[in-house]
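Presented sequentially are two complexes of chain A, the first with chain B as partner and the second with chain C.
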Partner chain A sequence: MNYIIANDVALTSLGAADGTVMFPTNMVLGMDTSADTKLRLSVRSPLDTDDADLINIVHADTNTEEKAFRNMVDEVVSVLNGDFAGAAVLFDVANNISLPGQTLTGSTVTQD
Partner chain B sequence: MKTTYVYFGTKGYLYETDSSADQTINGGSTLTLADHGIVPVNHTRAVGNESTSTDAYRVVVKAATSAASTRGAAYTHDFVTGAAFTAGADSTATTSEIGDITNLSSPDAFGVSSGIITIANFSTDGDHGYLIGDDDEFWVEQVARHDAAGNGPSASTLSMASCYPMFNYMGANPVAYAGTHYDGTSLDQTDLHFAKRGGANGTDIIRIIHTAGAYPNIVKTMEAIYNSGVYNRAVTFYDLDTAGNETFVGGPSLSGNRGDMRIYGCWRTT
Partner chain C sequence: MTKETFLYVAESATYATGDQAAFRASHFIGCETPSTTSTRFLFSPVDKFQFGAVNVTPDSFTLTHTLDGHIEVLKAVAGAMKKPGGFVVIQDDEGTAFSTDGSSLGSIGFSDIDYAPIASTGTAVEVDGTGVVVATL
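Moving on to the complex of A and B:
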């Protein structure tokens, strides 16, 4: 089982609500468009198992870069299914880690 | 735990047999994302007015009867056969003959208000209008990724696209669909169910309009995707981009060829 971390807050804010999530990959519910510049990854929430934590990943505008969303889907899938031991980072604002096609600014984690 | 992921773009589709010779499509009711996968943006009919996305979908009509003074003079050829309308029995382009298929391709052919498409009457516009007859057949077919309100997650965003892990796939439900494509192909509908992406009880439904009898191939295709061993990207079941390019999964062999399993409509209902 892979475990994934996403964090949208700076180092000094770690621990705050709606900042950081860690989830096993079998809790992924799906991905869809939340805007022309955002991929929304839905993960079953540990706080309410009938609801979802939402991870919004900002990418280039699909009106001008047609494949931006599609490519971001592949990048997320590649991380979710990655060959690693322990946990992998999807993105991390505190350490400036992002997916190749991602813009960290505006990428968010919202816990249920 | 690795799993494959399946990706769905959106292609809106409506088939209707007119029942009252009205000039509206869908009986004067709004098209909805749930039922048709497309909600046309408001549009004032005018020559050259593609700015309201009329280039993202087409409206096609098939004549059920032969009648004079029916079809605008600007439409000169059958959309499917390519034959000149003047080649028929009466040699008059504005006279519809049974089976004539007209692509109302001009943005001057119809207006849209709150998702309701109203076709201009021939008596109003002898160039681009069309007098609808009882039992005429209609199609609204999305031909490019669409940016009208209702098609995406918010106003003026592009048509929805969705991706699910295959471990959340809950099954394929065959649904009765009384319709044919304008080229004469009989159609069926299959609803693909996935665990609801919002986490609540229930399922997300991806609605597929496909060639009649293809349900077994739909099921086998989902099985093939599940067991494909492709883990570094999502497998596209169907996609339609803003330029009108389509991507097909290609049936159980995952060939990518349209002819191996053609998709006529594909959308998420919720």
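Moving on to the complex of A and C:
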């Protein structure tokens, strides 16, 4: 089992809702598109277990880079299935960590 | 059968009913960050076999820690949960705060966890022994 961290706020803004989550990979529900530039990762909400937390990851516009979404799915799956000793970071604004094809600006965590 | 990792958390020096629990790592369902100095870990409840679509109240423990230390606390507890079977003391409050440099106090029983300093500032991360909350059933 991997434990995945996503954080969309700066260091001094930590501690509010819709900022930071960590979830086990078996809570992942799936991925789809929420815009031409966004992959939406749905994760079962630990606070509202019949609903989902949503993690939006900004990538290149699929109108100009047709494989951008598919490539981002590949990058996300690599993190979900990676071989990590502790937590794996999907993205972290506080520490400027992102996926190779991701744009941190506009990437968001929304808790249910 | 796969070996299970259990996370032990105690919230008070009196160890009163409901103030300590052992959480199965495989029942971990996620986290929230309720404040600038706390992180809450949520688990599927001990009094339910498994939940489906119906919303249920999760079990949880909350750690009170150094300002903005959430990411380091998440990483440390995740590392503990990845241990392949065993018993891990997350926090055992005996009325004493965690060490100021975040180093392990496991040898004298307070915690098996090492918290790294905040990555971007180097600030040591402490967990406050009086800020632990256990919520089950």
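Rule of thumb we're sticking to: the second predicted complex is superposed on the first by the 112 of 112 C-alpha atoms of A that agree within 3 Å, B and C clash if a C-alpha of one lies under 4 Å from a C-alpha of the other, contacts with A are read in each partner's own complex, and residues count from 1 in each chain.
Note that in this section contacts are C-beta pairs under 8 Å (C-beta built on N, C-alpha and C of every residue); 3 or more make two chains touch, one makes a residue touch a chain.
For clarity, every value in this text was computed on a predicted model and none was experimentally measured.
Aligning the two structures on chain A places chain B and chain C side by side, free of any clash.
Contacts of A:Met1 after superposition: both chain B and chain C are touched. Touch criterion met: A:Asp92 reaches chain C, while chain B stays clear of it. Here the vertex is the CA centre of chain A, and the angle it makes with the centres of chain B and chain C is 140 degrees, a multiple of 10.
Judged by the touch definition given at the top, the superposed model places A:Gln111 against chain C, while chain B stays out of reach.
In the overlay built on the shared chain, the residue A:Pro46 is in contact with chain C alone; chain B does not reach it. In the superposition on chain A, A:Glu65 makes contact with neither chain B nor chain C. Between chain B and chain C, the smallest C-alpha to C-alpha distance in the superposed model amounts to 5 Å.
Residues 1, 24, 44-45, 48-51 of chain A are contacted both by chain B in one complex and by chain C in the other. Chain C meets chain A in the complex at residues 25-26, 28-38, 42, 51, 53-56, 58, 68, 70-71, 74-76, 78-79, 81-82, 118-121. Chain contact summary for the complex, chain B toward chain A: residues 1-3, 5, 7, 147, 152-154, 157-158, 160-165, 167-168, 194-201, 204, 231-234, 236, 239, 241-243, 268.
Those residues of chain A lying in contact with chain B across their complex are 1-2, 24-26, 28-36, 40, 42, 44-45, 48-52, 62-63, 66, 69-70, 73-74, 77-78, 80-81, 112. Taken together, the chain A residues at the contact with chain C in this complex read 1, 3, 5, 7, 11-12, 14-17, 19-24, 27, 43-51, 53, 84-87, 92, 94-95, 111.
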